[in-house]
Amino acid sequence: MIVILKRDHNPEQLESLVNWLQEKGIAIHTSIGEANTILGLVGDTSKLDIDLIAALDIVEDVKRVQEPYKNANRKFHPEDTVIPVRDTWIGGGSLTIMAGPCSVESEEQVVAIARAVKASGATMLRGGAFKPRTSPYAFQGLGETGLEYLKAARAETGLPIVTELMDITQLPLFKDVDVIQIGARNMQNFDLLKAVGHQDKPVMIKRGMSATYEEWLMSAEYVMAGGNENVILCERGIRTFESYTRNTLDLAAIPVLRKLTHLPIIVDPSHATGKYWLVEPLAMAAVAAGADGLQIEVHNDPEHALCDGPQSLKPDTFDPLARKLLSLHSVVSGLEGQA
Amino acid sequence: MIVILKRDHNPEQLESLVNWLQEKGIAIHTSIGEANTILGLVGDTSKLDIDLIAALDIVEDVKRVQEPYKNANRKFHPEDTVIPVRDTWIGGGSLTIMAGPCSVESEEQVVAIARAVKASGATMLRGGAFKPRTSPYAFQGLGETGLEYLKAARAETGLPIVTELMDITQLPLFKDVDVIQIGARNMQNFDLLKAVGHQDKPVMIKRGMSATYEEWLMSAEYVMAGGNENVILCERGIRTFESYTRNTLDLAAIPVLRKLTHLPIIVDPSHATGKYWLVEPLAMAAVAAGADGLQIEVHNDPEHALCDGPQSLKPDTFDPLARKLLSLHSVVSGLEGQA
Amino acid sequence: MIVILKRDHNPEQLESLVNWLQEKGIAIHTSIGEANTILGLVGDTSKLDIDLIAALDIVEDVKRVQEPYKNANRKFHPEDTVIPVRDTWIGGGSLTIMAGPCSVESEEQVVAIARAVKASGATMLRGGAFKPRTSPYAFQGLGETGLEYLKAARAETGLPIVTELMDITQLPLFKDVDVIQIGARNMQNFDLLKAVGHQDKPVMIKRGMSATYEEWLMSAEYVMAGGNENVILCERGIRTFESYTRNTLDLAAIPVLRKLTHLPIIVDPSHATGKYWLVEPLAMAAVAAGADGLQIEVHNDPEHALCDGPQSLKPDTFDPLARKLLSLHSVVSGLEGQA
Amino acid sequence: MIVILKRDHNPEQLESLVNWLQEKGIAIHTSIGEANTILGLVGDTSKLDIDLIAALDIVEDVKRVQEPYKNANRKFHPEDTVIPVRDTWIGGGSLTIMAGPCSVESEEQVVAIARAVKASGATMLRGGAFKPRTSPYAFQGLGETGLEYLKAARAETGLPIVTELMDITQLPLFKDVDVIQIGARNMQNFDLLKAVGHQDKPVMIKRGMSATYEEWLMSAEYVMAGGNENVILCERGIRTFESYTRNTLDLAAIPVLRKLTHLPIIVDPSHATGKYWLVEPLAMAAVAAGADGLQIEVHNDPEHALCDGPQSLKPDTFDPLARKLLSLHSVVSGLEGQA
């Protein structure tokens, strides 16, 4: 950590700061410049509160040199994390395709979609039983019944299920779910993150609409600090001034996170754009940029879907897309090998 | 609601849409233009799913004409809502000043601050017992004990207390709190909003960091739909590209919300900026723009505060500020009267 | 155009509006709803000032149904525009690769880079002679001399040259340039756009840092309205709250523009990210999403480049990338054919 | 400047960096930490290219300690700049009110408005002769004739005139203008900034829609580096995700700039919001936050204005507002005095 002192700092206050830091086991290297004096803090600075130091009268600015996350940090865990889920796994060079309806509507619907997407190459079934809706008057999901339908579809197809947990009180119902999804709006619901940190099943954290990479990784850190190392990150677009698309998909997140963390990275082009005809080009782009997988909405009847119809593909448009994605993934892996 | 059809729409699909709408009791006025055909939907369109219609093959675009919120809508509730809280009230021409520490640290601390801010003119005591922190390694608040200290300060000073609820499971502890605060990160934690919608005490909803006015009002609508009409909105800055300040305080929110809703509007310049020296000018600006009140962080020892020290005022800087704010409020009210 | 009237509108003012519109040859279809009365305006509404109508006392809102651009609009020009540039062309299924240094520094440098990138598969040479720099104290480019060096490199390699025009007064020097580039900061320098609209050479318009798709297309419309139909659009990232990357590359721009316009779309991953190690994954993603080409910074000695070194590749890292991009482009074109 | 080295940096490359810096007269203080080695660079680092150093193989990050602007920096120029304009001045405790039409439409119009706003307390006349319009088909301003009408209004009322310069080629026409305005879209039109840096009249720079405080100050620095010290900064809203208002007015800019620079700060609530009914509350807020002045659109017939009618006040609504602003300014100055 670097502490930049004000030009005319009070020497007594400086001495008091230096003593306080030394008591905490921090060594201090001082550089006296023409315009500024700078303290280089050496030692375990991860417990120091950067805001507290920045607030001191004699301090002009403080700059962190190390990342504030550890469990999620590739520096301390250089190997890619690979997460087994039933007969499949996420990460490690594979291409995960999570497909299914935004919202579970009936057993027939979800079983039919699950069969179709499996035949096209999907490796997991996604579907919402508890739905975060902006309006209290909109359909809120089938809840526990929806979870039962998902399990029925899994029994039928063998596809593991990924579904969103919205509140701690729903946790008992999620015992038999394969991957717990934390939605973008709950990315900083810290009590929820702590609760899933004590579960023994993988957790996929969607990026908050205005979350920086660091904040997103800190949310992963919350889960990992509780002992659950199986965390997946899902980019689903950020909020910007551009309103033509629902959000702006940030594909730089893939290589940036690849560098900063060892956790697998999934991309959701359906929610990012809100338009079905943008799903294919952005799914292709995500694979070319090195994503570990995709989450894609597929509905048998998007025009009558109870939520998010506009962004859903039909099984017969998903089928050629899934095949293209798998082809592209093997081509890109091959090109990578040549480099 | 306005439905704009594609140029070359299929007439059978159009007939099917028209029938479906008429079954729902919607009358349809058709305008056939040179470039586009437009349907004007007349009747109670609040139950129609705009996204579903937008997803139809024959539809180019759908535009909503009415706001999606009702209980929070000034059109249906023209009078300002005034919320009584113990011996004081929020709204109705008064200036509420909520002051206190970001985080409750000890009984002595919070009692001392409560006494000081009351003497300066504060009307309510704010203080966090449960703290949303970006890092799992940062101080998370004193929890239940913190709530006890706040009550002790209330017993001592008579100031009603405002404090943040982070999770439904904490609700039983909040029975004796005066105003429940929902933090910016939980603005779209819909289960939490539903839960406080069933409480009989006022709820203050902070604006999410990337929430539009409409989304914020929809969160108020969630609480009101549950039967709790005593909702307060708190502007605390939005996330933008400018990183010099922690967030960008959006003071246009005050007159815009004044027009759209009847609910009272509080401004928090401390969290918005993250810098104590910006609190005064922005608090003054908020009063001049017509805010119903302010939430200001005051700490007796900001340099050693366990969180958010940099944005806290000391009691002796808060004192002249509170006096200025009250003077300004009476001047502005007087000028308003002249207009 | 749709005009939504206020609930309690004055009938005389309405009559006056209706007359005014009819004088302009606009037919009006009225829908009287329970809550609102809506006017559907039929005829050539492109000359009506939407803001003027929105400002009327009786009007609650106005919504445009048609895009405000014509020459750039695919609806009126369904075929893709293909732009010939010397022996090559932009658009039409080819993959344009514009490569070269951010800033021209010497004849040796630019000739050496031009030779190298041509050998790797680049189809055009990019290089800055006039440089927009945030600081007045930073290197501002070699100016006219820089243009001479670019021409020398073209003479040597046959690669057409693309270079930025910053001000109208520089136009006489650009007579022998192949493609004029308008930088992101000048995207709404309307006098400059008008001036290049009267040139007979292709113009590439970089997206402004906070420009919507529509504003960007309106800038293309400025050039096309002057008679110059050879416009290329270049996505180079938009400004968002995420500061890890210099900008956020918005790859949804590719399929969105493909739908809205017939103009070719180039992607610049170097400026978008500001980091050389992000160029490859995002260039790959751009090709997979269907871009017509890329603009990539290549410098023989990025550590000593006079500007933007951090985002430049070296010739020996550009070489395998260019080969991968060309392979990927042919694979993606093939997959497209299958669909 | 602080240079943070990579953990496993090559010692030879480090030696080469150290030698290179020492040749430039920079002294180096090294702090060897457990995780990182840090170089503190002491001396005149303003000429070092931060990006170049950041690009070096052995460097993990570089952090600037000093601001990159000098002439505009309050550290080197502690006194407020006060700019005389004919019989009035900008800064120094006064409240400048620039009022007038968005666009000059006729001599009668501008003279009538000038008379009215002068009577209400305005100190300067604003009006556009050259208009930046998003669409090439929109009214582009009266140009030279518009400037003549402004001068006629000045002759009639004595109010100095502020008007926008869009391109260098228009400069000869601006000889007799009092304050040259640089529009938001031209804030980084560096050739234009250089050109007005050589003029001997005040220049008001509007903040670019996505410009940081630092970029804005660097644009002021461009003008000042040319020798023109009379620069005024005008906050007019930034682009954010919130689309209810045209832009988001950032009033924190006032106290932040007050700290960073000695230049006067004007606020334009009309363009920031795009809605006339938001002008008053935000103008009041700007004065309370300490602005040196306001720029407000006033039109005698906003419903038929050729541009930006929706955000214009009429003279009879401007009149009580101007009086309120002047009252508020004297109250706020008085409260300031007490503190």
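The first chain written gets the first letter, and so on, giving A, B, C and D; residue counts start at 1 in each chain.
Keep this in mind: a residue touches a chain if its C-beta (ideal position, glycine included) is under 8 Å from a C-beta of that chain, and two chains touch if they have at least 3 such contacts.
Here the structure is a predicted model, which means the values were calculated and not measured.
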- In terms of mean CA position, the chain most removed from subunit A is D
- Query: B-C versus C-D: which has more C-beta pairs touching?
  - Reply: C-D
- Item | Centre-to-centre distance between subunit D and subunit B (centres being mean Cα positions), rounded to whole Å | 31
- Centre-to-centre distance between subunit C and subunit B (centres being mean Cα positions), rounded to whole Å: 39
- Task: For subunit C and subunit D, let me know how many angstrom lie between their CA-based centres, rounded off.
- Result: 27
- Note on the structure: Expected list for subunit C, residues touching two or more other chains, is 210, 239-241, 243
- Message: Looking at the complex, which residues from subunit D come into contact with subunit A?
- Response: 2, 4, 29-36, 38, 40-44, 61, 63, 65-66, 239-241, 243
- Item | subunit D contact footprint on subunit B (complex, rising order) | 210, 212-214, 238, 240-245, 248-252, 254-256, 259, 272-273, 277-278, 281-282, 284-290, 320, 324, 327-328, 331-332, 335, 338-339
- Residues of subunit C that touch subunit D when the two form their complex: 46-47, 49, 51-52, 54-57, 68, 132-138, 140, 166-169, 185-186, 188-194, 209-210, 215, 218, 221-222, 225-226, 239, 276, 302-310, 312
